[in-house]
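Each in structure tokens, the structures are laid out below.
Each of the next two complexes has chain A plus one more chain, namely chain B in the first and chain C in the second.
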Partner chain A sequence: MRHAAAVLTLVSLVACGRDEAPAPPSSTSSPTLKVGLLTPGSINDGGWNAIAWEGLQRIRNEMGAEVAHQEAKTPAEFDEGFRSFGARGFDLAFGHGFEFQDAALAAGKLYPKTVFITTSGTSVAPNVSPMVFELEKATYLCGIIAARESKTGKAGVIGGIRLPSIESTFTAFKAGAQSVDPKFDVREVFTGNFDDVGAAKLATLSLANAGADFIFHQANEAGRGVFQACSERKIRCFGSNKDQSGLAPDVIVASAVLDVPRAFVHMANLVRTKTFEPGVQYLGMQEGIVALVWNERLKPTVSPETVAEVERVEKAIRAGTIAVPRGF
Partner chain B sequence: MTRLLIGIGAAALAIAVLAMAAALAGHSPADVVGVLFDGALGSPLAIRGTILKSIPLLLTGLCVVIAFRAGVWNIGAEGQFIVGAIAAWMGSPYGTIASMLAAAVAGAVWSSIATAMRLWRNAPEVLTTILLNFIAVHILGWVVNGPLRETSARYPQSDPAASALPQLAEIHAGSLISIATAIAAWWLLYRTTEGLRLRATGLNPSAARHAGINVPAQIARAMAISGAIAGVAGGVELLGVTHRLFERLAVGYGYSGIAVALLAGLHPLGSIASALFFGAFVTGAGELQRTSGISAAIATFGQAVVILAVVAAGALLTSRKPADA
Partner chain C sequence: MLELVAASVPLALVASVPLLLAVQGELVVQRSGMINLGVEGMLLAAAFTASVTGTLLGGVAGAVAVAAIFGVFAIVFRADQIVTGTALNLLALGLTAFIYREIGSTAASAMQSNVIAPFAWIVSPLLLALLLWRTTTGLRLRAAGENPDALRSAGHSAAAHRWLALGIESVLVGIGGAHLALALSNGFAENMSAGRGYIALAVVIFGRWRVKGAVIGSAVFGIAAALQYALQAAATPLPYHLLLATPYVVTLLILCGVTGRVVAPESLGKS
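Right after this comes the complex of A and B.
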């Protein structure tokens, strides 16, 4: 029995590669775009690595590109993976995390014809750039909703680990709220991890006890605890990263949504059409990668003026007339 | 001689099992093995990758060899590797030699915590060294999020270390350090009285005690040497490859060291071949994933097959020869 299980595991590992064998007919101009991806972990993680893999699959399906992927866990493998893509004449290689920056810079020098993109980061060279997602643009709108709809004048934000990218979304939330009411009070709690549902729930309850009647979270999996507490206390909250309305349809007003796979397709398009310009690639609402998505069930409970105001500000953000502050 | 045959057999078995699995999944076994070899040895880039990955494996393998030879189950190479890397980073402003010494001392101190718990409280080092691994991982997480975070404070990683190992043909001096360590470990085990006492302690501690060996002190020294080697592995990886500290710095080199040591039959010089085999396996698996989408996790699977084969062969051999005692 155990042997059978072991053989099955190995076969499934080996079989992973098979479903990508038949590439769809190339609808784009020849020669075929070649795109490589390095992920720091398994693409079956249902999270960080899975969304990058989905992005790569979309590049293959939508653009007829030839794609390759490697799970690269060590800096030696980052280096080797990038160089291998460069040596094989790939047009574009993604490294899915800030830790790929040094390897991208090194490979970028050796293979000037390949564009190396890291997911987040700061390192820029003529053919090396990071992509940075601007979820702030949507969390700013959440702040506006909270400040306009709150009865207590207080809201809370709950984070997992104190990462700059997360603090930055809170900064924008606060700025959005205070653009409505400069005295609006936003309290911040970090639970210290992304998976302790109980801790996130307790943090939410404590914020509710302090009078907050809107909660925004950036706690990934632990966010379920936030929704539980909000449902118990009948206070409203926001979803983050995905449209989370389905998880707590009675309390989630809207979600700040980030479409990471689309960001990969966006970058591949820039490279294919030769419109890629080196520099930090801020990807947000204009590119269709970040959006505020209402929970249609609760939208009627929000005052029409607030809905109209959010639409107005969203247009202004897209037009660039309102600058949303970033934490960094 | 038997150990050599077992090692070669285990390595061949790992490749054979992989090829069989490939056949079951519909890939051509010959193609898969071909890509594996090509990806590991087929180009200068591949050979460089194989060597770079063999360096930390050889050192953590030697760490395990020394400890296991003394009869101590040091499963803590991973943690000793991590504290070695942190110490090397902190020592790097004073030059590479100071940095390497710091790494060795840190690794030795870390493994000696387990020794202390064994000698004073009889805590099994199999447990304590594993638990110390988790503590080291969390210390690393804390330093890169806190005191050693890069000056721009943007990402949880340190600034690059102040010094780096010299490179020749894009292969850092860690290659020489690791081979020198293997030779030194061989010399220690087979050409010194210290090594004789160490092996005697590992073979039969009570006989060693009756022969006048101070067994606790012997174990303490073996663990310190073992930890120092793993610490150097971390230092070499930091100053040769990663240059920065970040949370995923150690990705199982310490645990893979156990596979390296077992495949080598716990022989220091055999470890060189064994580390190169695993380095090649991992590098080839990377190429396999890039070209045919087969998950690189098969490299881990290969290690498991090797460990099981070596342990099974060892058990079969000892059961055939009833114990003399």
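Right after this comes the complex of A and C.
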């Protein structure tokens, strides 16, 4: 295990070395932006850490920034990582997770010229802020679609574990549905993990038995079981986090999509243009980080009134005239 | 309540097929005197190879590969079975995840499960019961688990019967893994066996190393699992953690309530 970790660190060091090669000239005349990233795990995980790495690559390619990445797994490594970025005069350092907050606050005091951003969290200091993604704005729209298109007046939501971020998207889904019909019934089921595809399928079938004819899930990998059950019962569902239409093109009506790499670029832009202001950075539709993406194949099966209504509400959310409730 | 139970039973019968087949496979192997903890890894590997090839046979191949490694260590080298099984589970988890990430998505076409469920619940238990208790081969296989020395002195190989048991387990678990990946899901997901192999080990003990017990144990666990989802979907005002624990609690309670001495095969786990 230790050897594996050492090899991985070596690989990421080599990768960083390559990436720190002379960056293409920046469009602005200011000195090259320096951006660091700490991830709590391997950037080859195809998920949480991979999207952060992708964000860092986009900052390098689109902004000509000098970038560095380190894997940091323990609080001691969080501190060390942030301090090394600060000591090397980085403009911006990301800690990719809720757990990086304490280290960000500590390093923020020592290196006031560096901006420290954690992915999710609540801790704020003059140069420390969390970024919080507003997937709720898209799940609210999913709720509207479900309530307008449902024949049974019931929808189901399936979660892996009842995390605040997951619960919050369900709250918004319910609020969206009940903005159409206050009596619309949304049933919640949790499976207790994000791996068990069979359990997710069983949970979906139970919801179908209970009369739900629209399903929204936050079960990550286990979502495949949700789609499988929906295909069997011919009930419609939504994709989450990514555009998942390809996984079940006959039943996924739309997906609530989160563009995490773009959030990283957005924050780097704020720092480069010196428009960064401390505070929880809510990133949603206006910033182009959250979107509702239709499955073009099924869009024609949805009534034109519903499509128009979703467009209208989406505009209102962007304009700030409709406030989407959050669970926390 | 009765309605909920009635609605849950058909769901449970299909959803617990991978568990049921793993239980039956493990039962045969334990009857031959080995504890194969690697049944979890076999199920996962089978789910992976089934989703890559899109066939039942592919699933069986994955299970065979893991079982073969277990056999080499447990039967040939007489290594500790618990350690070997645990190592194989970790290997299967890591290797399937690694290859899956390298080759990307394995969106195999879904399989109709209307043949596998009756096979798992009726055909396979009948065949196993016949084999274990009505044939000479079955008697010798059980003898390998009770007293391998007696079997050897009668001129038969304990090792050969243990390999046979592993072979049977591979076929059953391979079908179970394929069902998991192709009928319960539309392709592979990392760690999708999700502990079914470990539950299978418990159900084998719960069923007192008997085929009837294995089927009843799997049914109780499966129906309890389906029922708690039905209760969640019915907006029952109970914490979901509590409902998720129901299948385990029910199984434990029944285990405590069943009278009679638990008699494990005499040479179980001894190399």
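Going forward, the second predicted complex is superposed on the first by the 299 of 328 C-alpha atoms of A that agree within 3 Å, B and C clash if a C-alpha of one lies under 4 Å from a C-alpha of the other, contacts with A are read in each partner's own complex, and residues count from 1 in each chain.
In the analysis below, a contact is a pair of C-beta atoms (placed from the backbone, for glycine too) under 8 Å apart; a residue touches a chain by one contact, two chains touch by 3 or more.
Treat the numbers as computed from the prediction; the structure is a model and nothing was measured.
In the superposition on chain A, A:Asp196 makes contact with chain C only, not with chain B. Contact with neither chain B nor chain C is seen for A:His217 once the two complexes are overlaid on the shared chain. In the superposition on chain A, contact of A:Ala68 is made with chain B only, not with chain C. When both complexes are overlaid on chain A, the residue A:Lys137 reaches neither chain B nor chain C. When the two structures are aligned on the shared chain, A:Glu77 is found in touch with chain B, with no touch to chain C.
When the two structures are aligned on the shared chain, A:Arg236 is found in touch with neither chain B nor chain C.
In the superposition on chain A, the residues of chain A touched by chain B in one structure and by chain C in the other are 162. Those residues of chain B that touch chain A in the complex are listed here as 17-18, 21-22, 24-27, 32, 43, 45, 48-49, 52-53, 145, 152-157, 160, 241-244, 246, 248, 251-252, 282-283, 286-287, 289-298, 301. Residue ranges on chain A touching chain C, taken from their complex, read 44, 46, 156, 162, 187-193, 195-199, 201-203, 205-207, 209-210, 212, 221-222, 224-225, 227-228, 231, 246-248.
Across the complex, chain B is touched by residues 7, 9-11, 13-18, 20-21, 36, 40, 42, 68-77, 79-81, 83-85, 87, 98-99, 102, 120-122, 161-164, 328 of chain A. Those residues of chain C whose C-beta lies close enough to touch chain A in the complex are 7-8, 11-12, 15, 18, 101, 107, 110, 180, 184-187, 189-192, 194-196, 225-226, 229-230, 232-235, 240-241, 244.
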